[in-house]
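Letters A, B, C and D name the chains as they come in the text, with residue numbers starting at 1 for each one.
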Amino acid sequence: MSTDPQILVQAICTLACYSYLIKENFAYRIAEYTLVALYTSYQITRLFHSFIKPYWQNYAIGEKQYYFILMGALGLLLYTRYAPPQYRWLARYPIALSVGWGLGGAIARSPRPVFTQLMDVMRPLNTANNVLFFVFFMAVMSYFFFTTGKESKFIQGSGRLGRYIMMIGFGTAFGNTVQGRISLFLNRLSFLLTDWLGISI
Amino acid sequence: MKREVPLALTFLMTLLRFLFEMINPLLNYEISEGVMLFSRISFSVTFMYCMGLFMGLINLTRVHGNTIKRRREHWIYSVWLLIVLYGYAILGLFFGGLESEAFNWIYDAVIVPLDSTMFSMLAFFIASAAYRAFKIRNVESLLMMVVAFIVMLGNVSLGNAIWGSESWLGGFSGIKDWLLAIPNAASQRAIGIGVFLGAYAAILRVALGLEKRYLGGTDW
Amino acid sequence: MLNQLVLAADVKWGIFVPDDSTIAGLFLAIGMALLVYVMIQRARAGLPIPEIRRIPGLEAFEEAVGRATEMGRPVHITSYYQDVGDYDTWAFWAYLAHVAKLCASYDTRIINTNSEWLSMTVNEEIIRQAYLEAGRPDAFNPDDVRFMSDWQFGYTMGVAGMIAREKPAANFLVGYFYAEALILAEAGALVGAIQVAATSATAQLPFFVASCDYTMIGEEFYAGAAALSKEPVIYGSVVSQDITRVVFVILCIIGALLNTAGSSLLVDMLKF
Amino acid sequence: MEWLKRLDSIDPRWVYVIMALSLVFPVLKPIGLAISINKETTIPVYNWIESLQPGDIVVGDVSFSGGSEGELGPQLQAWFRHCMQRGVKVIMVAQWNTGERLGYTLLEETAEQLQEEGIPCEYGVDWVYAGYKPGGTTLWRQMQLDFWEACAETDMLGNSFSDLPLMQRFKKWDKATASDLIIFAAGDPGVGTYTTYFPDYNIYVGNVAVQVPGAMNTLRAGQIKGLLAGLPGAAEYELLLDKAGKAVKLMDAQSMGHAWIMLLVILGNIGFYLRAKERD
């Protein structure tokens, strides 16, 4: 059994969490509140030291890009969210700027992966798999027709096929995920057994 | 001032970024040797947004401060939360930060194991979900169950021992691969394209100023 | 230097960035922007635009609220990822307004849990408004709109604990979810709640389909929001999405036929 | 017969307890079931590293946190070992700040083992861990244009890039310096960053199982070239390297866990069927 205090704390945290499976309890609640607090403070530290500080030093001061000061001041307006209601609209300025910057990138860039996928649907229909893929894809697409072909028997039937295909897809995804979720537990288990209890596996 | 200016700002920033992403000379424009305009604008936008780093701290202080003030159920845990919150933040900000040994010790001792353990509880929940969900009520649940069974067998050595990958159709793992590559991929792709269309329409209506809810508030 | 020459040679139409699908993307952006604009303006002006078909699953909301009323237990509704700038949140608001209206008119308690402060204030406003419209503003309890944590598993455990304690009879998981999806749905199943899920998170759909009584899949989530709110902005978007989808389907058919015949014309166009 | 009907409603706690037991025992006493290697997913990743020349640079991305260490940790270590054995140089970035330190710890562990075995694996010469840089996907765009600047010219440990010999060859991240990359992804942000901003690079992925169904779609479309799928992916890679490690040992437990779930489903259906017949 390990005598390292860090490992002991890790083991206690792990067991406190699992106790929830039996019943919500004191140890679990302490762990939950601690985690929420630590995570928030970790984020603050991380942002400050690896971002705000170096960017301020390198760009605002080092390169004399003085608009960083303006942007920083605009960023401070975010805190008006917590101000009395008549000032809260000020927080919209930084939100508007950063949302806009993100959207422009998304508008320009996000269609590209979709086009790649569409091009792949257009494979020559010369193998069984290509044909099946094409049919399955079209069936699922037609399930999502909301305004087109409401009366068409063909679209309705194809939509129903699409729903079955989706169920097969979901079954596959579910079955495939089981190994991932078990791996998560095995990771904790090997920590408890090897690192804490010292049993070699 | 309250809404026209933010909407106009959104539009201008969207257009600016769009042009940067589309037009090659603009994307590669340098203010001076090695200093790229695109990167400086990006950095300043991120810099601005990161100024809100204390938002989470203020949130928690308000919520748990209220709990303590009104002596709601479990208020004593809220006291603990605030002590940890401020203690760790002060340690991180003023005592060495990310290089500080104490700071990283706590990170490794508490955050990492709690994070992984909570996540790992899914191993148990997926078992209870499978147990409840895969009861054959109709064609759809039958399909899901049969397929999930095959895929589970295809993923582990046990399935390989029953129907090996060298035999007809590649055994369970061969069928699993086919299921993943054809019906699953087809349905994922079609759903994904639908979601993309929903998302794309939404971002376009923001860019066009038809959507205002992202700015918050209910005074529209 | 060499690098720049190579770049210059590949630049599309003289100025465009030399990546795959730059020009095709530009056309999609312009085309769909026009479509969204026209459809939303038509919807606003009350001009005829295509009707959205019945979305299965929407009536499940009313049924579940009805059952909660009979049992005298509360209704719970939540969305994990709820940034105010996110389109999933806007769609979530349509569902929240619908459920809040139902709860207010049936006089059933509604609990809303949150992971984000700013959207929580909006949620509170929506629920308060619903109670006001139902003529009983006093029945609204602000303590039932709760902030959990903005950290994924902190939020998850808070919500799971709340579900175990308050035992809602209806559990609505509407919006964008990550790995917590299954935990929340299992917590609801343990207390015997009727569960309705609606999400565009493709990775979590299998778990919702497995553990909820009804699941609205992918884009049904947006279309449902349009049908519920009848809001021109959302309605017009859904119609324009649908038109674009039909265009995509037609393109795929033509492209596949051309490819089978040995011509990669359409693929080259999309790739440009 | 009455007890059979009760199978329709087993207390979840029994499900949890038996699940835990069925995972603990095979970990302590492995049965040694054979593992087959997936030709569609794992082999292409292995062949990719085999096809590289010593001295080539590949970029790796750690986009996971402690939660997914169980699946992606063994993958990352096995892949890194392979690169070092082949003399391929590795530069690591990280899209998740929560997993940055974890990724470094894992690689350092492997690097120490490798050096004990006499395989050169010197930090700064054979590999560099640039780590997490805030700024979202925009920053990854920036890395293509000027990697040094986007990373503020420092690695995760605070070393200046100019002191690291490997970084002299990697000022720009374009197809001439490193056209191949692998990302170990657990969610968002993840593979999307690369399929969106690096569409014409050779992208390989190490994925958690839950993401695999979605990734099969991108694999088929050619957006990614190869895929390591969950813990089995790691186990298969370890076997290909002939260096059976943690992942291989844990595969028996996987079998038992799956067996329990399948048994549960069967039992549940028996109970459900009997109850349903009774109601009729």
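One rule holds for everything that comes next: a residue touches a chain if its C-beta (ideal position, glycine included) is under 8 Å from a C-beta of that chain, and two chains touch if they have at least 3 such contacts.
Nothing here was measured: the structure is a model prediction, and the numbers come from that model.
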*Both chain C and chain D are touched by which chains?*
A, B
*Could you let me know which interface, B-D or A-D, is made of more C-beta pairs in contact?*
B-D
*Once you find the CA centre of chain B and the CA centre of chain C, what distance in Å lies between them?*
15
*asked:* Suppose each chain is reduced to the average of its Cα coordinates; what separation in Å results between chain A and chain B?
replied: 2
_Overlap residues in chain C, where contacts from two or more other chains coincide_ = 19-22, 26, 29, 84-85, 117-118, 149-150, 153, 157, 179, 202-203, 205-207, 209-210, 217-219, 238, 241, 245, 248
*Which chain D residues reach two or more other chains?*
12, 16, 20, 23, 67-70, 134-136, 138, 141, 199, 210, 212-214, 217, 220-221, 232, 254, 257-258, 261
*Mind pulling the chain A residues that touch 2 or more other chains?*
20-21, 35-36, 39-40, 43, 46-47, 50-51, 55, 81, 95, 99, 101-102, 105, 107-112, 116-119, 121, 133, 137, 141, 144, 166-167, 169-174, 176-179, 181-182, 184-185, 187-188
*Graph of touching chains, which shape: line, ring, star, complete, other?*
complete
*Please give the residue numbers of chain C that touch chain B in the complex, ascending.*
7, 11, 15-18, 22, 26, 29, 32-33, 36-37, 40, 84-87, 89-90, 93, 117-119, 121-122, 125-126, 147, 149-150, 153, 156-157, 179, 182-183, 185-186, 189, 200, 202, 205, 207, 209-211, 217-219, 221-222, 233, 237-238, 240-241, 244-245, 248
*Under the touch definition given earlier, write down the residues of chain B that touch chain D in their complex.*
27-28, 34, 36, 38-39, 42-43, 45-46, 50, 99, 104, 107-108, 111-113, 115-116, 118-120, 123-124, 126-128, 130-132, 134-136, 145, 149, 152-153, 155-161, 164-166, 173, 177, 180-181, 184-185, 188-189, 192
*Given the complex with chain D, which residues does chain A contribute to the contact?*
21-22, 43, 46-47, 50-51, 54-55, 58, 101-102, 105, 109-110, 112-113, 116-117, 119-120, 133, 169, 172-173, 176-190, 193, 199, 201
*Note which residues of chain B are touching chain C in the complex, please.*
18, 21-25, 27-28, 55-56, 59-60, 63, 114-115, 118-119, 121-122, 125-126, 128-130, 132-134, 144, 188, 191-195, 197-205, 207-208, 210-211, 213-218
*Provide the residue numbers of chain A that touch chain B in the complex, in ascending order.*
6, 9-11, 13-14, 17-18, 20-21, 29-31, 33-52, 55-56, 59, 63, 65, 67-68, 71-72, 74-76, 78-79, 81-82, 88-89, 91-111, 114, 117-118, 121, 129, 132-133, 136-137, 140-141, 143-144, 162-179, 181-182, 184-185, 187-188, 191
